[in-house]
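Below is a structure I'd like to ask you about.
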Amino acid sequence: MLFKVEMKVNVPNDIDKELFAKQVDEEKMRAKELQEQGIWRHLWRVAGQYANVSIFDVDSPQTLHDLMMSLPLFPYMEVEVTALCHHPSSIHSDDR
Amino acid sequence: MLFKVEMKVNVPNDIDKELFAKQVDEEKMRAKELQEQGIWRHLWRVAGQYANVSIFDVDSPQTLHDLMMSLPLFPYMEVEVTALCHHPSSIHSDDR
Amino acid sequence: MLFKVEMKVNVPNDIDKELFAKQVDEEKMRAKELQEQGIWRHLWRVAGQYANVSIFDVDSPQTLHDLMMSLPLFPYMEVEVTALCHHPSSIHSDDR
Amino acid sequence: MLFKVEMKVNVPNDIDKELFAKQVDEEKMRAKELQEQGIWRHLWRVAGQYANVSIFDVDSPQTLHDLMMSLPLFPYMEVEVTALCHHPSSIHSDDR
Amino acid sequence: MLFKVEMKVNVPNDIDKELFAKQVDEEKMRAKELQEQGIWRHLWRVAGQYANVSIFDVDSPQTLHDLMMSLPLFPYMEVEVTALCHHPSSIHSDDR
Amino acid sequence: MLFKVEMKVNVPNDIDKELFAKQVDEEKMRAKELQEQGIWRHLWRVAGQYANVSIFDVDSPQTLHDLMMSLPLFPYMEVEVTALCHHPSSIHSDDR
Amino acid sequence: MLFKVEMKVNVPNDIDKELFAKQVDEEKMRAKELQEQGIWRHLWRVAGQYANVSIFDVDSPQTLHDLMMSLPLFPYMEVEVTALCHHPSSIHSDDR
Amino acid sequence: MLFKVEMKVNVPNDIDKELFAKQVDEEKMRAKELQEQGIWRHLWRVAGQYANVSIFDVDSPQTLHDLMMSLPLFPYMEVEVTALCHHPSSIHSDDR
Amino acid sequence: MLFKVEMKVNVPNDIDKELFAKQVDEEKMRAKELQEQGIWRHLWRVAGQYANVSIFDVDSPQTLHDLMMSLPLFPYMEVEVTALCHHPSSIHSDDR
Amino acid sequence: MLFKVEMKVNVPNDIDKELFAKQVDEEKMRAKELQEQGIWRHLWRVAGQYANVSIFDVDSPQTLHDLMMSLPLFPYMEVEVTALCHHPSSIHSDDR
């Protein structure tokens, strides 16, 4: 099943730059991993913002939640989750 | 280039049911056509609402606008457009 | 899996009273049916408003969407869907 | 009587990690206690957020307030309270 | 227990003036009745708006809901309910 | 004349606890004083929040402003002021 | 005492043009009258909108409310009232 | 001096199509006229919406208001006006 | 020409009290100066908030901007600017 | 293609003044550069705020995003991007 997840990263002004850089790298690796598993199906950058629009293919909201908690940048994120389903006018039965 | 377009359809209470049914059919055909052309790349239904989340692959905002104007249900829609681009953590060079 | 669904019913001022009364009855029967099937797990009235807070136990957002579309009063509703999951502090493994 | 309480936890970036971990543990114990007493009737996690949806069964708003004040994580919370009551279409006379 | 209820009356432009005048009278009588019973404890007009701020003293949200449903002008109202309780700095033990 | 004033106290995370405790005590005394003078006519706690709903009986907005400025916790407050007046359906000529 | 009142006029699409024109004229006369009495102290048009910013000098919120109710265009208005008082940096003791 | 004006056109569902088509034509001519006079300096369509972003070069808010009132489609518009001025980093002394 | 400017001052909790007091004094002198020049035409305090409603009489938005930048408390302000013009029902040709 | 970008700069209270001044200078040079290249087509200051309204002429959202990321003040910005296109009533074929 699919969920749209929009993530906006708010970087505190007084953050430890080194720590944050490390977290960004870890986030990148984690995202790569989840995409390769087909879980993080789509990942796009919102033009002009430190934010993304993502589509996750998971077996339950619980799985979605657990993977969101696993993201190193989660503590800096505003997250909005929208449950999706097949649109009657979609020609893609797998909703790709 | 990609645009996320969220469309919420507000059906007036006093609408002509027949006319609207016809417009819904036309909308379906138009959506099918644009998907087959690869323009309307993704189309998902928002669970629980008469709304969709779509990703369009167009060559400019102008093209996006013209095709939105071509949708029979446009007059009943609240539309939100977000310009997207490649996310540095995306493993999909074509942003599929 | 669980979804919180909040439904606010906006009754148009110029509605056909008889038709609406019929739809309210049908809604009641439909709600009864879904509760008996254990799908519509919780249904509470928001004090002071023509609105409810519901918890649905469904196998996917698609199922949730289809049943929402089956509600006779859906055309008059503002709907907000929130995906839920097990809270680590909950003592109810079945999230009852 | 029932109240829906939505709690969103905003963890300050410069918080004392140790103190906060201790408060999280205390929160868990307090939640367990209140659930076992049947006061905190339902507790669900909002998928993708450090937030919960809860249903409290208390004898008055005062009781609700006092127990909210007793939550160790209260100082970090945005709280929204909605008074609920029996829905005429609910088949559960005890509103379970 | 006390609830603050804010009611904003939106009068549709095409309303039947006679019917509405009758409903306003009925509302006034109902309000008088509830005030005399000590249920509708406080009723103030918001200066400059067709809206009021009220404090209800009821035994449960259910009672509050039922009496709100009994108000002839309810169909035209936007209603906001806030559960109140004793303030530790209040010198009025009965919260008058 | 009456004003509804809603005060929400946002306690900064890094506040000097001792100073704040002292300010809370001072606030309590000030509130007691104003209530005894009949100026702070009603004071209720919003269930579940560090916020209150108050009704002030003052001779002008200026008086209201000056007393708000005199509250030790004012610097931490979000304040919303609504001017009230007699409701035509109120049976209380003194708007008590 | 002074109140800022912002009034936005929403003209229904299906309004009786003649009736409305008559109400506009009556509004103009009423406004003139109140200005001449020094009650409606300032009246400015918001550039680009069918809205105004006004400052009323009245003896109480009740007076303000009554005069607002006397405005022929009140039924079409969204009204926002803000209580004002003397600013410590103002050089105008009469707040002109 | 420059003003950004954003105009969103909400077409009522039950509008007289012929009348509206005529008003659209008149709007087009009026817009052309004002652009040729250099008053309506920039006019862009918001992609996906019946809305525009415009920059007006006028000698005062009054002039801006009067010309907005002269637009045939004004009655259907939500309008937002923002006063602009020279940006210290702009290389265009005439703010073109 | 006239602009309504609403300024809300948010004083950071960890501010240098002495510095801020000095800035407040400077603000007061600057406000006095601009009022005496007839530029800052009206200045009122919003009852209950650290905010003001002001009317500026300037020759352009640029002048307005420059003087706002000259206010010592500007860094702590949320500012909202609304362009005003003569109201057809105003009896004051100078919009005083 | 054109994008409207509105940027609001929120300067943290505890910022390193020297560092920030340097970033402001760098921002100015970068803006100058982009304007000279015709990319940053229009740049206006919002009167009364530390904010701007800009129009960018870029070949894709990706280019827009990359240049926004290149702005030294980006970390302090709230950014809103709106895709624009040719307005049918515009007399400027190049949308200048």
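Here are a few things to note about the model shown:
We just call them A, B, C, D, E, F, G, H, I and J in the order they show up, numbering each chain from 1.
Throughout what follows, contacts are C-beta pairs under 8 Å (C-beta built on N, C-alpha and C of every residue); 3 or more make two chains touch, one makes a residue touch a chain.
As the structure is a computational prediction, the values presented were derived from the model and not from experiment.
If you take subunit D and subunit I together, the chains in touch with both are F. The rotation relating subunit B to subunit H, fitted on Cα atoms, comes to 70°, given as a multiple of 5. More C-beta pairs touch across one of B-C and H-J than the other; that pair is H-J.
If you average the CA atoms of subunit F and of subunit J, the two centres end up 43 Å from each other.
For this pair, subunit H with subunit I, the centres built from the Cα atoms lie 28 Å apart.
Averaged Cα coordinates give subunit G a centre that lies 39 Å from the centre of subunit J. Residue positions 2-3, 14, 45-48, 61-62, 64-65, 81-86 of subunit E each touch two or more of the other chains. Chain pairs that touch, as defined above: A-B, A-C, A-D, A-J, B-C, B-H, B-J, C-D, C-E, D-E, D-F, E-F, E-G, F-G, F-I, G-H, G-I, H-I, H-J, I-J. Chain contact summary for the complex, subunit J toward subunit H: residues 2, 4, 27-28, 31-32, 35-36, 42-48, 52-53, 55, 82-92, 95-96. Contact residues on subunit G toward subunit F in their complex (touch as defined above): 1-3, 60-62, 64-65, 81-86. Those residues of subunit H that touch subunit B in the shared complex are 11, 13-14, 45-49. Against subunit I, in their complex, subunit F makes its touches with residues 3, 5, 12, 14-15, 61-62, 64-65, 68, 75-76, 79-81.
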